[in-house]
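The following blocks contain the structures, represented as structure tokens.
Common to both upcoming complexes is chain A, partnered first by chain B, then by chain C.
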Partner chain A sequence: MNNKIPNFVKTNQFGLLILVIVFICIFSFSTDGFTSRFNIYALSRVVALDIMIGLAMMVVILTGGLNLSLGALGVSAAMFGGWCMESIGIPISITIILVLAFGSFLGWINGFVTVRTGVHSFIVTLATMSIYFGFMTLLTEAEAFRKLPEAFTDFGSLKLFNKYISPLLIISVLTCFVLYYIFKYTDIGRKLIAAGANPDAAELSGISVDRMFIYCHMLSGFLAALAGIMLTARIGAAIPSMAGHLGFDWLLPAFLAPVLGGTLLSGGKVTVFGTMLGAILVTLINNGLYLIDVGEFWVRFFLGIILLGAVLLDRAREYFTVKNSIVS
Partner chain B sequence: MSALLKKDWFGLGLVLIFGSILISLFKPAFISPFNLYVLMLSVSLMLVVAMSQMIIIAIGQMNLSVGAIGGLVAISFTGLMEVYSMSILPAVLIGLLIGLACGFINGYITVKTGISAFIITLATLYIFKGMNLGITEAQPFYEIPEAVKFFGNAKIFGPIPYLVIIPIIITILMWILMNRTSLGRYMLAYGNNVQSSELIGISSTKIVIYAHVISGLLAAIGGMLVVCRLQLGTPNIGDSWLLPSFAAPVIGGAILAGGKVDVIATAFGVILVSIISQALVIFKIDPFFVQIFLGFMILLAVFINRYREYREERRTKVFSDE
Partner chain C sequence: MSDYILELNNITKNFPGVKALDNANFKLKKKSIHALLGENGAGKSTLIKIITGVYNQNEGKLFLNNQEKSFSSPNEAMNAGISVVHQERNLIRRFSVGENLMLTNLPKNNLGLIDYYTVAKESKKWLDIMELDIDPNTIVSDLTVAKMQLCEIAKALSLESKILLLDEPTSSLSPQDTKNLFALLKRLVAEQDVSIVFVSHKLEEVFEICDEVTVLRDGKNACESEQITNLNRQKLVKLMIGRDEQIIKSKKDIDFTDENLLDLQSINTDLGHKNINLNLKKGEILGLYGLVGAGRTELIKCVLGLDKINSGQILLNNKEIKIKSPKDALEKYKIGYISEDRKKEGLILMHDVLSNAGITVWSNLKKILSFLNDSIVYNKVDPYVKQLEVKTPSYQQIVSNLSGGNQQKISVAKWLASGTDILFIDEPTVGIDIKTKSYLHELIIELSLKGTSIILITSDMPEMISLADRIITMKDFKVVGETINNHSYEEMSSSIMRNIHE
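Moving on to the complex of A and B:
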């Protein structure tokens, strides 16, 4: 009987897809305005960022590590971009390249220290989180950059597809496809996964695990910087507190999306589209909770409950699939 | 003497003594009674928070929800006294009970599902913090009984505040727990190697739940001490605990993989962090530097630990060659 179920149905992504559909149905029937053009546009802007943050965390989870400095890094990069555009007047396209390079560099620091000390990246990125955020606050004196070029801020408020979708979402979805391609079809992507799945075996088969881990951290920094730019474009200004104190506001979506998407915390597995679906689910629930009007102070509580419920469900699913495969 | 040199806390102790002498030579204000009083207050509060994290590090896990538990207990404690005009003792007991329950939830879910404590406590961090905000709607409680205010402000004699009593007792109890009881030794064994500790008959369920319950209780005490100190219960108590809670044990030589913590070195780590933060203030350095400094200190401690491990490895290698 087990063989008749297509493989896709057994995956985590399928479960997520069902959940996304269920929540869309629930919210469209129980609230006014969930399907309104305004709300869908707002959702697309938020989802775009959550996907990017989730991907940035996913590539570090691949190594079996974590990146707590994600938010601090993203905001630092965004502030750097704001400074480039407003204070120096560097053209937008060059600024974006500089910001992405800067983000990758900060990610490189994370990776380098982690690899060289052999300490868990949790503690390294905990330290660099406060270092990045501290330096950023000192250098900017906690002042925002609000006079960004219009072409840049206009892009953030652009409306596509009959004014339903933000272009930011298209960037995120494209990034998903690129990452999927890298991990699935390129040599380097396969090496990254191999290094994360079994470092010893990878080392023995001639992969420099240390270098792969540093690449993962650099990729994480790159994606976090991209998320920082996107957030700047969305808000129309680069604000030091836009990801909360120490960038903490990014942490929950960052972990929720990959964990819901089926990325193993022990490393060695990536699910790009799972992460995307995870981010969509989180944003949907967040948005729905506001529309249902649970009170803004309780939103956090429910998000915590949902994270807990999601990991427990995933655990149960794993348990049953293992049991089924043993029975058959 | 050579036995002393090997202790984690010995080097830290030297750094502390010479550092303090150096700072007070440049700035005599550093050893003024007022400054010592402020220093002791900050040490007392962080000591409890660091111990709360240390016990979870001992079993090789992390507890992100320490601050959230502290905050939830702090506002429950003050809320019970203000809104329900409860007297102090029952309010303290209920506060401890909440901490215990929060810790139990963390430990129970972690050990029963086998999901990493990081994810579980990240979820409970949001749950506890969400309950905190849901209950208070981000408004502080101001009506605190005089006795509580007195406890948070008064001095025993000289610059020594009453507030240090409880943290000192807790530190001694923690030392006894980790060094002189089988429960503490079992925790370290579990943190060192889960499989082998199970093979010699240590119950993981018991160890993990105990560790999380103690962590929850300590976080609760930390939250209530902050209420005494601040003289009010604000919902953001505990928000900034995460970094210092890891900094002190790591500077004290704790290995995050579990199995090795040192209570005295952790206490010295707390004192070191407080002295440095204080010195930066005295030398009129931007407060944001304190944060950067803390980050660098963690990295430095990590490098030093790594170097010591490396030296240890080399030494043992020489012996085995002979």
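Moving on to the complex of A and C:
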């Protein structure tokens, strides 16, 4: 309406940034210890993981699909990593490469089955979630790997920037920049977005949509595996239940971050930094509510409410896109 | 006072940055068929949306039966007796005809359940008035496109509508169905006290059934309630576009004994094409004519590898080729396809102009590590977007915000940019204003003169006869005739219709 307002202000990210600042202010004043070095360090470790799983979900939402197997996949990859390091003694760097490849492979299975059967990825990943988690539990006999190399676990508890920030957060933020670069400045990134926005039009324009969708699922697996490694480093052990039963604990932040960030559930739009801000907001609320001491139940309650609100926001966004298109 | 059923006086409607309507008038006489014409973006849709309560005007008044009204929702307008039959079907495809007709007021029995007997009986009444031989229990998706259209009109009648707005009602109908529809409309006006607002880009139709014409240009009246008898085609076009229409004809000599560039030999497909043989010469425009459902678009999609070819061969320059996907067609064989459905298959509406125009060339433009930025794409597509005179505020504009004509230009531009040797062009001017239409015609001819070989699918007979060098007629997934075009409308159209009806 008003052309004097700079475009940035009208974006979803700006609204999120304001919210983040508002919540930081609220929690700083209303709680003790929110701004303490200990709490900020703890926050940075949690937010690093939330960003990563948010991104892992975002790249599948891009296709108009979902990846429910995210948590199971991430934990399976992490357990594989624990086994590589502890039982076989593979060096850390090679283990990380293997784990990421393994995650991508599990993602490839999700993508391949989705594309070949034409069944919605919701159903496919619901099934693979159970399969991956089941297999992992079977092979590990539900035992954790607790004797990981010290260099690996030390990294997880490293403190940077005057002991305020975990290096895990730096990995997540770097990943954001890499993804942003891919979607903005590469041929393949553009094709992924085009395929997600309108598969028919993309296919007829000479894009192999099936392949793009498989790439998205592989990328999702890759990022989930990376999140798995990060969690292992943070805890200092690879534990089958570290993301809850079937990896459920990851699902809520995985949805919240991209949807709050402005990624359309119908696909075709990515907001990498929006997802990052979304993850930060979720972590803040989570952490703040714990500090206020409202109790576990209320935290979950509020996060559920926020997810519903975010989905409504998603509807509104689509509605306004349609409204805008009428005016021509 | 007056014999107008609907009267809009000095309507002005502002949108951010645009005055969509500027003091426009529209007066609909009782029991008349009134054409509402104008180029895309002239304000027709806005006017219709004000009549049907989707928008409210900023200035001006609306009178229904001499009473001032203002509708705040489409529902209110509908209750006041105003119904729209849209281009897009508004029926629930899995419901029966009867259920669709009675949807807003389903009769219930004593138990509060739907009384299907009454549904059938009541809806039959409306179908009978329209002399439609359809069983109310038929599921809508089993009907032909033409019958669905008629059911929509029946639905409007069942709501006791006295004003019917028909938006491009014939765009997917065959000539025969169109004739039936017009007969019905005339009868409705005569017998049922209905008044009709008719929106169409096909001027022949306007002259055939309308009594009066209102033309909008740039949101203003170019003419207001003019008697159709005072007008002819030239005058009408001049009113719409503000200048005389240019008629184009392809003038070129194709040597039909030349070697074939593309050759389809005895193609049978999964979709039911039987023994299709056709060939395309270099620089030729080969027309594929047929009624809706003749299997033309489907054939092209099979050639592009989207559906399976069961037997037969495709030769390119006398070498057999296998096209696995549109990607294959574009990258290996330089074959492109401009879809008939620009909204679903041609464009990514939610993305901007630059990424829509550049989508076919990304692969070619990418640098090391698949690097590609906006300015590389811009440099490549800009000449084509400029050449096509696409009107857009910027390359960052979302395509769905552009007018239909400009959208179509973008879906053409991306294929020009890709530099294909062979282009399949499917219904290039459906729902496009006259100015853009003749522009696209010129462009297609120019392309073929420069050596691009084109297979043109169109159901618009005048378009086919002015553009094609040779016309293949298809019916029921078979080729039923081939004629070299001599650009004489009478001869060609009767020869094509003979092919179809033999």
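Quick note on the criterion: the second predicted complex is superposed on the first by the 308 of 328 C-alpha atoms of A that agree within 3 Å, B and C clash if a C-alpha of one lies under 4 Å from a C-alpha of the other, contacts with A are read in each partner's own complex, and residues count from 1 in each chain.
What we mean here is this: a residue touches a chain if its C-beta (ideal position, glycine included) is under 8 Å from a C-beta of that chain, and two chains touch if they have at least 3 such contacts.
All figures in this text were calculated on a predicted structure; none of them were measured in a lab.
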Hey, is it chain B or chain C that touches more of chain A?
B
Answer with first, second, both or neither: which of chain B and chain C does A:D187 touch in the superposed model?
second
Based on the superposed arrangement, let me know which partner A:G118 touches: chain B (first), chain C (second), both, or neither?
first
Contacts for A:K269 in the overlay, against chain B (first) and chain C (second): which applies, first, second, both or neither?
second
Is A:M129 contacted by the first partner chain B, the second partner chain C, both or neither?
first
Is A:S205 in contact with chain B, with chain C, with both, or with neither (first, second, both, neither)?
second
Where does A:F302 make contact in the superposed view: on chain B (first), on chain C (second), on both, or on neither?
first
Contacts for A:K159 in the overlay, against chain B (first) and chain C (second): which applies, first, second, both or neither?
neither
So in the complex, the part of chain C that touches chain A is made up of which residues?
15-16, 18, 20, 41, 49, 304, 306, 325-327, 329-331, 336-337, 339, 344-351, 355, 359-360, 362-363, 365-366, 369-373, 398, 400-403, 414, 418
Taking the complex as given, what residues does chain A use to touch chain C?
1, 184-188, 190-191, 193-194, 197-198, 200-208, 268-269, 321, 324-328
Chain B contact footprint on chain A (complex, rising order)
66, 113, 117-120, 122-124, 126-131, 133-135, 137-138, 245-246, 251-252, 255, 259, 265, 295, 297-305, 307-308, 311-312, 315
Show which residues of chain B lie in contact with chain A when the two form their complex.
62, 109, 113-116, 118-120, 122-131, 133-134, 136-138, 239-240, 242-243, 246, 250, 256-257, 286, 288-289, 291-292, 294-296, 298-299, 302-303, 305-306
